[in-house]
Every structure is written in C-alpha cells, then in structure tokens.
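Take a look at the structures listed below.
Shared between the two complexes below is subunit A, which has subunit B as its partner in the first and subunit C in the second.
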Partner chain A sequence: MTVQGTNSAIRVGASILRDYLVLVMIAALVALTALIEPKFLSPENLTNIMFQFGPLMMVALGTTFVIIGGFIDLSIAGTINLVAVVTISLIQPMGQVPALLTGLATGTVCGALNSVLILSSGALTQAEALFMTFGLSTVYSAIALLYSHGSTMHFWDITASKSIFQAIGSGSLGFLSWSFVIFLISLAALWVFQEMTAEGRAVRLTGGNKTAARLAGVRISRSIVVIYAIGGFMAALGAIVLFSRVTTASPVIGVGYETNAILAVVVGGTTLKGGKGSVLRTVMGVLLVVLMSNCLNLLGVSTYLQVVAEGAILTFAIWLDNRKHM
Partner chain B sequence: MARIRKAVLIGLVLLVVAAFGVSAQAKVKAAFICQNMANESQAFSEKQFMKYGADFGLDMYTFDAKGDSQVESQLVMNCIAQQFKVIFLNPNDINAIVPSLMQAKRAGLIVGMFSSDLSPANQKYRDFYAGSNDVFAGKQAAEAFMKHFPNGAKIVEIGGQAGHDAQIKRHDGFHSVIDSSNIKVIDYKACQQWSTEQAMAIMEDDIVKYGHEIQGVFVHWDNGATGVIQAAKAADLKGLYIIGIDGNRAGYNQVLSGEQAVSISQDFVAMAKKDMELAQKVVKGQQVDPINYIPLNVIDKSTIKNFPVPQW
Partner chain C sequence: MDSGGSEVILSIKDVCKSFPGVKALDKVSIDVKRAMVHGIVGENGAGKSTLMKILSGVYEKDSGTVVFDGQQIEHTTPQQSMQRGLAIIYQELNLVNTMSVGENVLLGRFREMKGMRGTHAKARELLDRIGSKIGTTRLVSELSVSEKQMVEIAKALSFESKLIIMDEPSSSLTAEEMCELVKIIQQLKDQGISIIYISHKLDEIFEFCDNVSVMRDGRVIDTKPKSEFTRNELIMQMVGREIENEYPERPQRVGEVLMEVRSINTRKLHDVSFSLHKGEILGFVGLVGAGRTEIVRALFGADRVRGHQVLIEGKPTPILNPRDAIGAGFGFIPEDRKLQGLVLPFSVESNISMASFRKFTRLGFLRKSIEKEIGTRQVKALSVKTPSTKVPVVNLSGGNQQKCIVGRWLEISPSILIMDEPTKGIDVGAKYEIYMLMKDIAERGGAIILISSELPEVLNMSNRVLTVFEGRITGEFDPKVTSADKIMSAALGFDGECS
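Let's turn to the complex of A and B:
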C-alpha cells in the first residue's frame, strides 16, 4: 500500500470514528464494565437499563425535533413538573384514561405555547428561543407548585384504578417493559414522520436555513409549531412514564431533564446548528447517558465524578460537532 | 354644635392614630426567607410561619430564595432596605449567606436560623437557631440499624443531594456511629438532586451488584425511600430494613404499610414556632439560648400510633 493510500485509509477511518463515536464509546463502556463487573451483563441489569431508559428517551426524542429545527427547548423541566402533578391529581376524580389524555394534552399545549410566543416575538434564533423557553419553564414550574401546593402526590392517595400507570411504571409485555414498548412505538412514529412526510422534511429545511426554507415554499412558522408541539407531547409522555415508575409526582420531578435530553441528543450526533440529525441517533445518545450512569454506579464511582463525566462528554460532543463544521 | 363636631372629629383621629400606634407596636415586621419553595418541607414550613406568625406578635412576610444562595443574600439585603425587624432563614449555603447576615446584624435586625445553622465560626452573625440536628438524625439511623441487627449486617446508604448541608451532616452522623459497629456499609452513593428517581436507579444498580447480600438501606429522605421500595419490589427483594429521614406523609405511610422500617421525623411546626417564640423574646430584650434543637421522633411500627398523620 502506498503512503497516499495509507493516509486515505486513516482519513476514512477517522471520519467513520467521528460519525459513529457514540457507538464506539458505548462499546468501550460496555466492555470495560463487563470486564470489571460481570453482573453488568446479567438479565437483571439489562432489565434495569430498559426501565431506566424510558423517561429520558421519550423526552430526548421530542427534543431531537426541536434541535433539528434549529431551536432549543429549556421548558422541558417545567413541562414535566406540570404534566406530572396535573395527571396524577386527575386520576382520582376523572379516571385514568381521561387523566392520561389530559396530561398529554397539557404537555402539547405547553409546547405549542412555546412556539406561539417564539413566533409572535420574532425570536427566531436558537439563543432567543433558549431564553424564551427558560422563562416559560419557570412559569410552568411555578404553576405546578401552585397547583400542588408544593406537595408530593403519591399513588397510595389514589383509591381509583391506576392500573394503566402501574403497567407503564413496572409492567412488562413478555420480556419487554411497557415503557420500552411505548418507546418503540414512539420511535417508529417519529422516524416515519421525520423521513417519510413532507412536514418532517420541512422541519429539517427550517433548521438548516430558514431563509432558504422560506424561499423554497416551506411554511416555517408551521414547522416551528410542529416541533415544539412534538417536544411538549413527548415531554408529557416522559413525565407520565417517570411518575408511573417512581409512583410519586412532585412539582420538581423534572429537574435536570432538559440538560440530560440536550446532552443525549447532541452526544447522539444531532447537530446543535440545526438541519441535521435523527431520532435513531438520539437513541444511541440516550443509551450512552443511561449506560454511563448505570456503569459508573456499578463500578462504584462517586456522584461528583459522575457529574464531571457527564459534563466532559457534553463538552466533547459539542466540540466535535463544531469541528465537523469547520 | 360645631365645636362638639370638631372635638368628636379630633377624638376620632386621635383614636385611629392611637390604634395604628398600638397595632404597629404589637406587630413586628418579620420575614421568612425560604430556601426553596419547590422543596416540600420548606413549602410546608412557610405555611407554618404564615399560620402562627400573629400568635407571636409578628407581621409575617415570606420570600423564596429558589435554591439560589445569591438570591437568598439579595433577599436579606431587601429585608434590610425594607426595614424588617426580624428575619428567619434557612440558608442554601451556610457560608455564602454570611456577608449579607453581617450587614443585617449591623442594621440591627434580629436573625433567626431555621432548620440549618451557620458554622460555629459564623454563629455570631445570627441570634439563634431552631431546627433539627442532622448529625444526630444520622446517628439515630445508625443506632436503629445496630439495634435491629445486633449480630451485624450488610447495608447500603443512599445520600440526598450531593454537597447539601443535610446530606453531609446525615452522612457524617451516620458514619460516626456505624463505623465502629459490626454493620458494614457495602456501598454509598449520593444523588445529584433529592430525586426519588435517582434513589431508585441507585438502588436498582446496587441490587444488581450485591443482590440478596443487602439487608438494609439507609436513605437520607423518605421520598427517596419510596424509590428504594419500588426498586426492591421490582427485584422481588423482600425483608429489607429501610430507614429514612423526614417523617413526611410518604415515610409515615411506608412505615404504616411495613415497607419502611423507620422514619426519623423532623417537626417543622415545632421548629417554626420555636423560631418565632425566640424572636418574640429577643424583641422584648430577653436572653435566649442560641442553639435550640427540636427533638427528632423515631417513627416505627411500635410508635406510629403515637404520631398524627403528617400534614406534608
């Protein structure tokens, strides 16, 4: 092989490594942990990971669309707080199906409200959307606090049937948890929307270049409403999976989810600049975030170091994302 | 007739002025600066200050520091500017709050600490403290384990929010006793927040790693114990001896149902009342004890009948 050929092979290898770095990191993490702690690959732990995967996965799938659309959504934590306390409080008076639907509707309305305020204020850059949605997160959290009077609500307060929520939280369909089944259905629906519909392509165009998208006939305001509504709906789904899992809903239950969701999306390979990305990549990103926590716990790494690891990986992913565009 | 009308009018005005004077004298303007209203125990405490303030001659106002020590310091400065006579506060950061408390003392405010005290070196910047002793709570948890497992056991500890004052003190108190016993703490992890989900995830991971070796769990707060219980149920791990701190409705119900062995209960009503009682005495110029620990109650299956259902 010539020197030129070798250099070319190295460049191709580096390019593949950069594009699929998350898979390499997952493989390395799995191999290292399995070597040190063989119980990592036990069926019990794989089941754990499947359950731990659920809430963040739902939220991150929705966030993927917002980021592909060229925006950001920091209202996720507030939306989760609000949806969780509203839904759990309505199970007793309304029954579980109406409570579930109201919860999902609440999240979707929060998302749509974000987009309406962004559009009406002309905040069409990512930075402007960041501050707008951060403000709205505070508003949604405050409403959750007012609504719940600052109290945590528990399943044992509910005498009406809550079987749907119990199934979502801890039930299984064969060897798959119900939350994992919900994830698979959501993933399939969102992938079809992203790849096979005109609106999905419009979202990507909007994120890539708003002016070009507008000139190409894309109704970017509609795309913005769609991405935030999907983000809100998926945050609501995440909230429902989350409180069903822990059997309680506090008005601060969603704290930290917005950053973890963005972390998972960006680490997965969706660019923060908008226009490029995929829900399938986000699945890899979430898997890395959840696995990292699981592995570091099993390896006995302290909480402080786990936070450092999360921050370092996010910084590295954003650095790599910027390098790709240089 | 005109003179009589004038005299009655003057009399009424004097009466109103006197009434205002008496009212102003009776009511002392006081503020409770809440650490974070999103924290369930703090939201409950705020209600107690508002509910009982008038009983201690206080005209109570409350402010929310939103978990931010910078905001909390600013709120202290606002209280100085607004000429409050008394402030009660639960610091987010016992060191960061000190410069603003120095100014409060210089301005002549009465400063009462609630639930968390300043470090000994800085206690001159407050008048008194009323609250539970988190170190003691940790010790009580250790003693309960030693009593239940006289022949030793393997347990895990799940801490509250890493770096939080209560998490550190509960951990230190627990280890000051348990380390010299025959009980082995096989794993310790603190959470990133006081999050039930994180406590549950840590417990799930511990179950994978240690399985049936785990005989007990010390979890720093009762809502965290809810997550531990769910993880144990999912893994069909029975007979765990679980101890939590707080004594809130979650802990109470879990002890009642037998899922949690012990809840070490903090009495926030007593804490708030004690703080206000101390402030009232200081306003009157009386001497008070600077440190006032409110006793912790150990709620277990045998004592639960002695305690009312918690309001929070």
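Let's turn to the complex of A and C:
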C-alpha cells in the first residue's frame, strides 16, 4: 500500500511537473544565464527583453484561441507582412490614427477571410485548415509585395506626425514600455474573453468536440470566424508593434512569426488537440522562447544553432503534448 | 471450484486494481475452463472492462495472480497476450478500414505470409474455419458490423488463440447476425477454444454461456453454471436490488398531433412522411443502415436536407440546422455517445449545460454559479454517479455519461426528444431509469422519437411503431396488438401477406 502511495504521489508530481515544465525551464534558463553572463540581469538587457517579446507575444496570444478552437493558422506571417506595409504607407496620406485603424482592420479581415474560406469549403479538420491558411499566407505576402513594389519603407521618409508609432516602438509610461502596456491590456481582455464570456466557452466546446457542440446547438461556425478574426487582429497588433520598434516595414517582415507563435503556444502547454489551454500559458511560452534566444545571443551562440534549438523545442513540446493525451 | 488444473485455461486470483479515488477491482477471482463459454455480466462500472484490460496488458494489476495456460502472467503487453493465445475483440472493433479483409486478418505479418497471395490464402483458410464467406479482397470499410466481427474473430484465430474475449459483441448486431455469431461461438468451442463473453443482454447469456460470473462494484458476486441461475436472480445480483420488470408501462396520455413531417427526400431516404402526437413515444424499427438515423438527423437539421416540410402544431417550421431545431423545441440524443454526444475531456457540468447557454449567460458573459446549479440539479435529478460536477465526463461509466446527455436536454425541457440508441452499452439498472425518464417526459406532454436496435425495447416502450426499410417507411403498427414477427417482417421489407 505504501509503495502504491509513493507511486501515485510520484505520478501526481510528474504530471504537475509536466504541466508547469515551462516555469521550471524559464527559472533554470534565467539562473544559468545570469551565472555565466551577469550582463543578462542588467537594466539595459531587461528593457531589451521587454521590447523584444512584444510582437511575438501579440501574435501568440491570438494564435492561442485558434488552437483552443481546434484549428491552426499559418497565414499569420502573410498577415503581418501585409498589415506592416499597408499601415506604414498610410501614415503620410491619411494621418496616423486612420492608418493605425486601417492596419488593425486589415489584419482582422485577413483572419476572418481564412475562416470564411475554411467554412465554405467544408474543411473542418486541423490538417485542412493548415494547408488552407498556408496557401493564404502566400497570397497575403504576395499582395504585400505587389502593394509595396518589394521595397522597404522607413519612418524617416514620413514627414507627417507618427508620434503614436514612435511611442509604441520606444516610448515608456513610467518604467513600463508602451508595448508592455499594450500587452497587459490585450492579455486582460483576452483572458476575460477566454474565461468569462459565452463565446469563449463556445470556442472551447468547438475545440473539444465540434460534432457534439453543433448537435447541442453551439454556433460552431461563428466560433471559427471569431477565433480567426482574433488571430488576425492580434497579428496586426503584433505587426504594428514590430515595425514601430524597428522603424521600418518590409514586405517580408513577418517571416517565421507563424511557427514561433505556434511554438510559444504549444510550449506553454495549450494542446494542439483543441479544447484546452490558456492565454496565461502562452505568456509563459513566449517568455521562454524570447528568453532562450536572448540567452543564446548573450552566450554568443550562432543564429543557425538557435534555429536548431527552436525546432528541437517545438518538436519536443508536441511530442510531450501527444504523450500527455495518449 | 476444484476442477483439474489442466482443465482451467485461465485462472484469475485475488486481482486488485485501484485508480485515483476508485477501487476498480477488489480481489477478483475467476476460473475459465477449456472449451467453455464463460459469461461475465455486470452493470457499467462493475469492473468488467478493467479486468479485461488487465488480462490484455493495457493496465497493470496492483496485486493478485493471473495464470493463463499454465503460465503466470506478469507485465504483459497487448501484443504479447495475443501471441500467447489470448485475444480480445473490443466493442469498437480495431480494423483498418482502408485495407482488405485478408490484410486485416494478418495485419503486420505480410512478410511471414510471403506476400499478398499467401496472406489471402491464409485468411481464406481462417475464415473458412468459422464458416464465413466474406471475400478476402473486399475492403473492410464496405463490410457490415457483423462481417467486421468475423474478420476480428479470424484475426484472433490466426494467433492460434486459446481464449477469445468478446466485449459486448452483440451491441450493434441485428437478430439474424446474432444467430450467425452464436453458430460461430459454437464452432470455436468445438475446436477447443474458450470464450469469455461480456454482455448486458441476459437472453444471450442464457442462450449459450456454460458458466456465468456476475460482477458488481469491482467484485465477483457469484460464479455458477448457467443452469443454476434464474433470470431474476441474475438481475438481482447484477444491480444489487430486485427489478420486477425490465420495462415500465407505456406512457398513457397520447394527445393530439404535435408535429407533421412531410416528404423528406435524400439520396438514402424516399418520401418519408409521418406524424407525432403529444405524449407519445414513436418507435422506429429497421435494420442498421435502413435509414432510421438519417430520418432523425434530417429532421433535427444535423444533415443538410432541403425540400421537406415540418409542421409543429400546424405551423410550418423551417429547420436548417440543429440550432433552429432546438429553438423549435427539439432535443437530440445521438447514437454515438462519445463521438457525437459528449465533449469527453470536459466536466460533467459543462457537458450538461451545453444546450442551455441562454439560461446562464447575460450580455454575453457566463454566470458560473447558475451553470453550477444546472449541473447539480440534473446530476441530482437523474442520480448520476459522479464524485462532483467538475469531474471530466470521460471518467464516468457509459450509463452515467448517457444520463448527462439526457440531463442536458431535460434542462431545456424539449417538446420533442429524439433518442437514437439511448440505451446502447448501458446496464439493466440504468436502462430502467432511462425508460422511466422517457415515460415521464411523455406523460408531461412531450413527445419522443425512439430508435433502437433492440426490438423488445422499441416494442415495449413505444405507443406506435414505424418500420423503415431501405429509406422508406414500410408500415405503421400498434405494438400492443401486433406480433413482433409481423413488425419485423415489415422492417425486413417483406409484404405483410408473404410471411
């Protein structure tokens, strides 16, 4: 009996560890790097990290809902490209506020378009959505290229007021960067959506079992449009934070964001099987991904090896996710 | 039981198994003799499945011994058990739909069989042994459920199995297919193979089992030769209390017409029209695949069907999707509880509350306390056995899962409740409770459409029965005054005169 007791204690312990593996990894990473490279904890580097995680955080928060809803969105990279070039090009002719709003609207429309095409084709599996949004990503990217004629646009070419974007890119409110404030507001709003609204519940039910949800009267089509629209909106927000920080927007600015966002979501512990997960987990996932690249940079590891590490972690996270749900 | 050692093929002694919070098996001991059919009966949650999973190696036992064919079994895996000669045929069959019968029978041993020709030859030989005429080149996806079962049995034979465990093999078989299975079981017995037959259906147990073990709450209550059991005794031991009747009386208050359905036409259905009265249970009888499920799915808006007319209390009511249907007063209990009914990893509470969002949301926000009330109310009303409403519904037994779905609809009190195989895989006690619920719903003025593959169930519960054959309604009967034979022949497509 005692053997059994210990056994089950170990099992419970193991499952808690597996659930919060990210936190352990983050702590280990911080401790290790701080030990080897004291610069890591310097105010400059911490500020750097705060700015660095902004864009990925926005994108990954949006992607979380797509994945909780049982789908996936690879069109994010294309959406970011398109939103970045459209928004920056409109600051001069339209003024900064209309440009900002148009940018956010563009992202939302791209997201919603994904879902409308998925729904109208009757493709209701994650794999089908994967291919469909992969195709759409190239479409959005191509439109971005056509629109910008392939050229990069810079802040310094804009003579009109661009104070909002400059604030988002490098301004601070007290000791918090504006991008961090935007992150906090988005996180709060999305968390409320996830936990407290009927639509948030419908999204979860859709991700848990589409057939059962539909037969119980849940509007799964609406949920699918909602998750992709949120995904698109958050990608647009990410795009704006991103080009504001680097002060330029090229039509390939978003490359790699879709896989990194999925990486962060899955590493955080939201399952690709749908139904379960949380934006709070995604925050941990993003933190891990960003900290890791920051650490590897500080330690002087080559970018190629960094990509290997990212790929390995994504594979491991999905492997673990599958084991957990066996 | 002190029979000679060699006569016992499988000896289970004092096996215990616990899961967090539940003692699933408590000192279970059963001896299975060579060339005998050993029935195991028990309510859902009695521990039958756990025991089988320990035998096959899916679970590890906590204590106790298992001796199979003179060999003590420890730390086994499903593959090893198969190779040792212990095969399990699960309720949900494990076949590759896109492969041929032959390839499935000898799955994973293509090379041993020296290619396709050897595979098909060997598969033919095995199928012949059970007198089955299924072509070995046919695709499994084209087979009926009973044919698939034959393939599973042939697969078991291919491992020179000495013991075959059948887990509720009859739950999706028609009466004729069942006769076929009985014949095969007899043949297997003659070939010296032992069979453990798990079932809820007492008729089957009495028809061909030699010995019977009754399980309840993780314990073996009794093991005796079949001849020493009476039917009532068996039921009593299973449920731990006496059940006088298997079915309650039919609902008594059939009123005026509630709904009229006019000409549903699809690729499978032809001009299906019928009416439903208030306070009535309307049964659909037909073979699996005759179109019964398609009719109710069309009605509920689950499949895209156009052109038919539904009148509720004389008013045309267009139903394009399940949401419309629910708005019009329908509830729907689908035939596949796990795939279509429940969100398995979610809590009991959110599975029950799924259809009554309107009750616990305000301005788009959830009111969790009201949701909790809904869950608690239905769990109490239907006496769902669960430690709390927050437990994932997947942890509940089949009968309790089904009650959660019933509770989901009771919460919105539908005027028309469609029940497709509502008691599939549910034990006697829970069945009776579901029947009582049905009667109760009908007598409070609701109407029920009942589909079931268990003929006695439809005939004993329904006020009126419609027979369905190849997508058409072939007859309407009053089961109180019509013989089962007559109804069955209409469901099989015979003219009333011929039989």
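Keep in mind that, in the parts below, the second predicted complex is superposed on the first by the 324 of 326 C-alpha atoms of A that agree within 3 Å, B and C clash if a C-alpha of one lies under 4 Å from a C-alpha of the other, contacts with A are read in each partner's own complex, and residues count from 1 in each chain.
As a working rule, a contact is a pair of C-beta atoms (placed from the backbone, for glycine too) under 8 Å apart; a residue touches a chain by one contact, two chains touch by 3 or more.
Just so it is clear, the structure is predicted and the values come from calculations on it, not from any experiment.
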{"item": "Of subunit B and subunit C, the chain that contacts the larger number of subunit A residues", "value": "B"}
{"item": "Partner chain(s) touched by A:213 [first = subunit B, second = subunit C, both, neither]", "value": "second"}
{"item": "First, second, both or neither for A:95, with subunit B first and subunit C second", "value": "neither"}
{"item": "First (subunit B), second (subunit C), both or neither touched by A:135", "value": "neither"}
{"item": "Contacts of A:171 with subunit B and subunit C, given as first, second, both or neither", "value": "neither"}
{"item": "First (subunit B), second (subunit C), both or neither touched by A:45", "value": "first"}
{"item": "Set intersection of subunit A contacts, subunit C complex versus subunit B complex", "value": "none"}
{"item": "Parts of subunit B lying in touch with subunit A, wherever the complex brings them together", "value": "37-40, 42-44, 159, 162-163, 187, 189-193, 195-197, 200-202, 204-209, 223, 226-227, 230, 233-235, 248-250, 253, 257, 312"}
{"item": "Residue ranges of subunit A touching subunit B (in the complex, touch as defined)", "value": "37, 39-40, 42, 44-45, 48, 51-52, 55, 141, 145, 149-152, 154, 156, 169-170, 242, 245-248, 250-253, 255-256, 293-294, 297-298, 300, 302-304, 306-307"}
{"item": "Residues of subunit C defined as touching subunit A within the complex", "value": "18, 20, 62, 300, 302, 321-323, 325-326, 332, 334, 339-346, 350, 354-355, 357, 361, 364-366, 408"}
{"item": "Of all residues in subunit A, those that touch subunit C in their complex", "value": "4, 8, 196-202, 204-205, 208-209, 211-219, 275-276"}
